[in-house]
Amino acid sequence: MRPSGRQTDEMRSVTIEVGTTRHAEGSCLIKCGDTHVLCTASVDDRVPPFLKGTGLGWVTAEYGMLPRATHTRMRREAKNGQSGRTQEIQRLIGRSLRAGVDRVAMGERQIVVDCDVLQADGGTRCASITGGWVALKLAVNQLMKAGDIISDPLIDPVAAISCGIYAGQEVLDLDYPEDSEAGVDGNFILTGGKLVEIQMSAEGSTFTRAQMDKLLDLAEKGIGELNTVQRAAVT
Amino acid sequence: MRPSGRQTDEMRSVTIEVGTTRHAEGSCLIKCGDTHVLCTASVDDRVPPFLKGTGLGWVTAEYGMLPRATHTRMRREAKNGQSGRTQEIQRLIGRSLRAGVDRVAMGERQIVVDCDVLQADGGTRCASITGGWVALKLAVNQLMKAGDIISDPLIDPVAAISCGIYAGQEVLDLDYPEDSEAGVDGNFILTGGKLVEIQMSAEGSTFTRAQMDKLLDLAEKGIGELNTVQRAAVT
Amino acid sequence: MRPSGRQTDEMRSVTIEVGTTRHAEGSCLIKCGDTHVLCTASVDDRVPPFLKGTGLGWVTAEYGMLPRATHTRMRREAKNGQSGRTQEIQRLIGRSLRAGVDRVAMGERQIVVDCDVLQADGGTRCASITGGWVALKLAVNQLMKAGDIISDPLIDPVAAISCGIYAGQEVLDLDYPEDSEAGVDGNFILTGGKLVEIQMSAEGSTFTRAQMDKLLDLAEKGIGELNTVQRAAVT
Amino acid sequence: MRPSGRQTDEMRSVTIEVGTTRHAEGSCLIKCGDTHVLCTASVDDRVPPFLKGTGLGWVTAEYGMLPRATHTRMRREAKNGQSGRTQEIQRLIGRSLRAGVDRVAMGERQIVVDCDVLQADGGTRCASITGGWVALKLAVNQLMKAGDIISDPLIDPVAAISCGIYAGQEVLDLDYPEDSEAGVDGNFILTGGKLVEIQMSAEGSTFTRAQMDKLLDLAEKGIGELNTVQRAAVT
Amino acid sequence: MRPSGRQTDEMRSVTIEVGTTRHAEGSCLIKCGDTHVLCTASVDDRVPPFLKGTGLGWVTAEYGMLPRATHTRMRREAKNGQSGRTQEIQRLIGRSLRAGVDRVAMGERQIVVDCDVLQADGGTRCASITGGWVALKLAVNQLMKAGDIISDPLIDPVAAISCGIYAGQEVLDLDYPEDSEAGVDGNFILTGGKLVEIQMSAEGSTFTRAQMDKLLDLAEKGIGELNTVQRAAVT
Amino acid sequence: MRPSGRQTDEMRSVTIEVGTTRHAEGSCLIKCGDTHVLCTASVDDRVPPFLKGTGLGWVTAEYGMLPRATHTRMRREAKNGQSGRTQEIQRLIGRSLRAGVDRVAMGERQIVVDCDVLQADGGTRCASITGGWVALKLAVNQLMKAGDIISDPLIDPVAAISCGIYAGQEVLDLDYPEDSEAGVDGNFILTGGKLVEIQMSAEGSTFTRAQMDKLLDLAEKGIGELNTVQRAAVT
């Protein structure tokens, strides 16, 4: 049924290689099938102005795509400015990662997570969140080792997966050929078994609550598998 | 419980005044409590380049806020460019409205829906979708009257409502005081009793599937009431 | 003679509704015939850097037009930046309003007057000045009531009206059909019976000093009528 | 009385040197006292889109100032974009020059007049118009010599002069020390003895119709002297 | 002497891995010590406007750096626009690559070479040129295989290396610790044993012709070694 | 051979007129044949942030061209932003001038050198450096006269000249007709008989080390002549 031959509830193979960038406090290269995202976490002692003196930490994210990460070359955003889509994605990544952070335990510092897509085949924002959490955790581990943070501000991993309705069937982890055909698709972000964000969208279509329930079942299954890979990467 | 004294499943009063802008093919002023949005629909014979010669129509939306629509004055976007938030909202409005359009019946033309917030008190993107559909329908009615469109491309109204968890309780139609406190909130867009978009977001919090179900119940109730006001406005 | 059937020295009907925006310290909706402008005045305790520590106040203005305020839809300035025309208009509004302000009595604070055109039919900059003064005065009244300002810094209203030569005849208060045909037209801003600004412009034409005198006569008549409406609005 | 010791109705000395830029179809360096403006006129066979096929010509202007034309260095506009003031000035120059052009006789072509201030001491926009007309006329002369234009589209020179109220006295041709002190000042553009534009502005002051009349008298005197210098330059 | 312990004429180890990006017509990851650059070549049937109908090909380049490629995080250029340095580098890469192309044999098409620095340790522009040529050659090979190009437009490899004066000594291939200390450094681009570009620069220092000669000797040695790695990569 | 009839080692005539801008601390108009550049030096007591409190001075440069300095009119950079070429040139000018400055003797202040091309005929960046040094020196002289600087921070003049290979022949000081035809050309900046910058570039060509040597010979000859003119101008 699926172009890749996968089962409806079968994810692409996921690998996370850590320490890929020498200068960053935390870094990894996450590969979800042919979607490859380089994630780095940079620690900054300064926080945004609205947090100065509060003792609270902050996590923010930026997202980019190399011009030829895609099937046909895209215009370079450095020449044209960030598109609305890019801004929307990086706001989502930042919000999702913050949901898993104890900002008091983190202390008054900022960590910037950069997610740069080297190769795209669908699901880049989900891979960015899942890999971004790993980079963030590695940076936090370094701060804890150095004694700059005492109690771990990151308990449960944050992970994200896409689900959608392809050819009338609910499927897990859409790749590009599915994503470009699906009338309904969405992203589910969870931490510690609970929901953090849901973004369901139907372009030229609609969906029922029963379908929504099945998609949530698939998402919970996928997130469980991602958490296993994430935990292995950071220990 | 609620700052406004409303029941958990009680919407703010909604009124829609049509024909508010003399030049536009369709226009209305929607008031959801103290949130006031002026919506206009402008018909354009030209479609975006990717649709030329396809015979298909297009609906797009733009969103803005007057600088003093808010409690404290915001910087004017004309001087600073559209924020990521603004772009994200107008992309949502456009996508939602297109979900209710038969683009073949519409014919190869574009309708631009402008939603400008005159006064804000929470829920501006939902009011924009609900009012935007009315402006769109009025413009389509005019095209049908003129014989430019034969069969109505807009069958069921598209409407949107926010729900969230305020003080531990699921509530319908958050106003600004609730919105700024709620740990979890989201927007639900429906047409013809089916789902079009869901955007659930938890800033510094999480939510369960049981809570998600209750929010969907509230949303369905609210959308039913909005559809009644919409239908009255366009006939 | 005139498309509207008005006498050469007859203004359009003018109404000013106050308190139209709940959050603003001063607000009004001015309607000069089919030209409708929403004016708000926002008080800010900070002044521009060049006034810090001088004890002097400042009034500035910003101007905008909703995309479908006009006969055909204009591009949204938030997407494209403010045009030269927009900047020229808002500089004029700010300068004109400051001419009627005792900046010592006002104290070291800034008031920003936003003039947003909801519907345009000629004369939007004049309506913005006339209505902007009303919003400004209402904000000042609130500051005086609160004891933040002791002596009224606004004695005489500032008002503006257009005059021009249409079909060889000097006329008062041009509407859009006249404005787009007139070879010569201009804006006159007065306060307390004296001149503050004159902007006469002839596109593809010229005018004599005798004609200039007649236009000034018309302007003085019109401003008198506007002052009556302004005074009624602010008391 | 005046810082320069000039009489109230005495202009600064004015010289116009032509042919200052080798590549331009028309060029001159106008010096009004210490205000020096380099004006070039560039002929372009293409007209703006709204004139294509109409047979009508177009004249437009651009204005700039070298960063150290002023007492203290200004930020370079190429790095920051044109200010509102710059745009307002170049719109005025273009409009004024067009007032003296027979656009049918000119034929369907565009002439761009660039006015770049090498040294500023007040009155740069007036010097730009007066010198810009000379550059324009020289370019037209070249087109007539080449037979590209048959009948001269420029009959009377267009010239501009500032007048204002300095130390309570109406004065002609304000230099920078006067300009920065004057409560009322304005620019008068005339052609063939008739008015084309008036821009009177009072910052923190007002003026009477009697004063306006005296300023117009001064302007007419000054323009007459400028026309003599212009005519000498182009023959 | 050198921080890395290398001899004065010793390059860092260089590896080139090809086929690193699935979608691109040509791609490689070049590693010059700790400087890692991902290069892709994208074929486009359209040429820039000035080449339309000439039958000539075009090669252009774009350059970027991931925000955390560097020791401390840099601001993302997509948010701020390309810096002057970035533009200067990508103009150099494009010019250098074109020097090795027979644009007639290439045919009327464009190849865009993107060079994105994943990790920086000095010499990123040289690595971009050396790796960029490999990506370009792989894309050309694919076009030749498909019969779209008949005779090879790329005969000799183009390669680049930096040389400089570090601690009074001429050295080959500066890494970041050397680059940030060197008073004199430059980039040498060669093809087929001949010079294409030289960019020598002394910040706060000067150099003699004798030193220039020694730097050229070093450069020729280094380029020879790079050519060997390049040739191995593309066959 | 050469379009101008000059010998291969013959420069265009060079003149430098000083004191051309009344407000600037140092200024000159340099004419190298038909290339005319107005250079001003502006003293600023504030240094860039990275130099605060170091006691070191800074020299920076900005470069511009009037729109009709060229054969056909160019778009005004104030409307479109600085091109990559402009930024590259002004970075070169600043770097070159700093090479001749003792930044300790200069004291903690900044001098901004503006180079604005009034007429272009090839070699504008070289003329900017040569003339820019004169403006800089005049400003320094004024600071020394006022006692703000004790020991002269500018010992040897910095000058620049272009050389290239035109019609197979090495030539000195290319004018525009040569520059637009030359396959190889470059700029050589020297101070005190030593090299500061070399920028050699071959568009669609290559060059040998022997040719490079001859170009250096020509450059040294030309720079000697320029230094004589510079020294005469500043004393």
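The chains carry the letters A, B, C, D, E and F, assigned in the order they are written, with residues numbered from 1 in each.
Going forward, a contact is a pair of C-beta atoms (placed from the backbone, for glycine too) under 8 Å apart; a residue touches a chain by one contact, two chains touch by 3 or more.
Owing to the predicted nature of the structure, the values given are computational and were not obtained by experimental measurement.
Taking subunit A out in thought, with all other chains where they are, everything left is connected by touch in one piece. Greatest Cα centroid separation from subunit C: this falls to E. With centres defined as mean CA coordinates, subunit C is found 51 Å away from subunit A. In subunit D, 82 are the positions where the chain touches two or more neighbouring chains simultaneously. Read round the ring from subunit D, going to subunit F first, the chain order is D, F, E, A, B, C.
In the complex of the two chains, the subunit E residues touching subunit A come out as 21-24, 27, 34, 38, 40, 42, 44, 62, 64, 66-73, 76-79, 81-82, 86, 112, 114, 116, 118-119. Subunit D meets subunit C in the complex at residues 82, 84-85, 87-88, 91, 95, 98-99, 103, 186, 191-192, 194-209, 212, 216.
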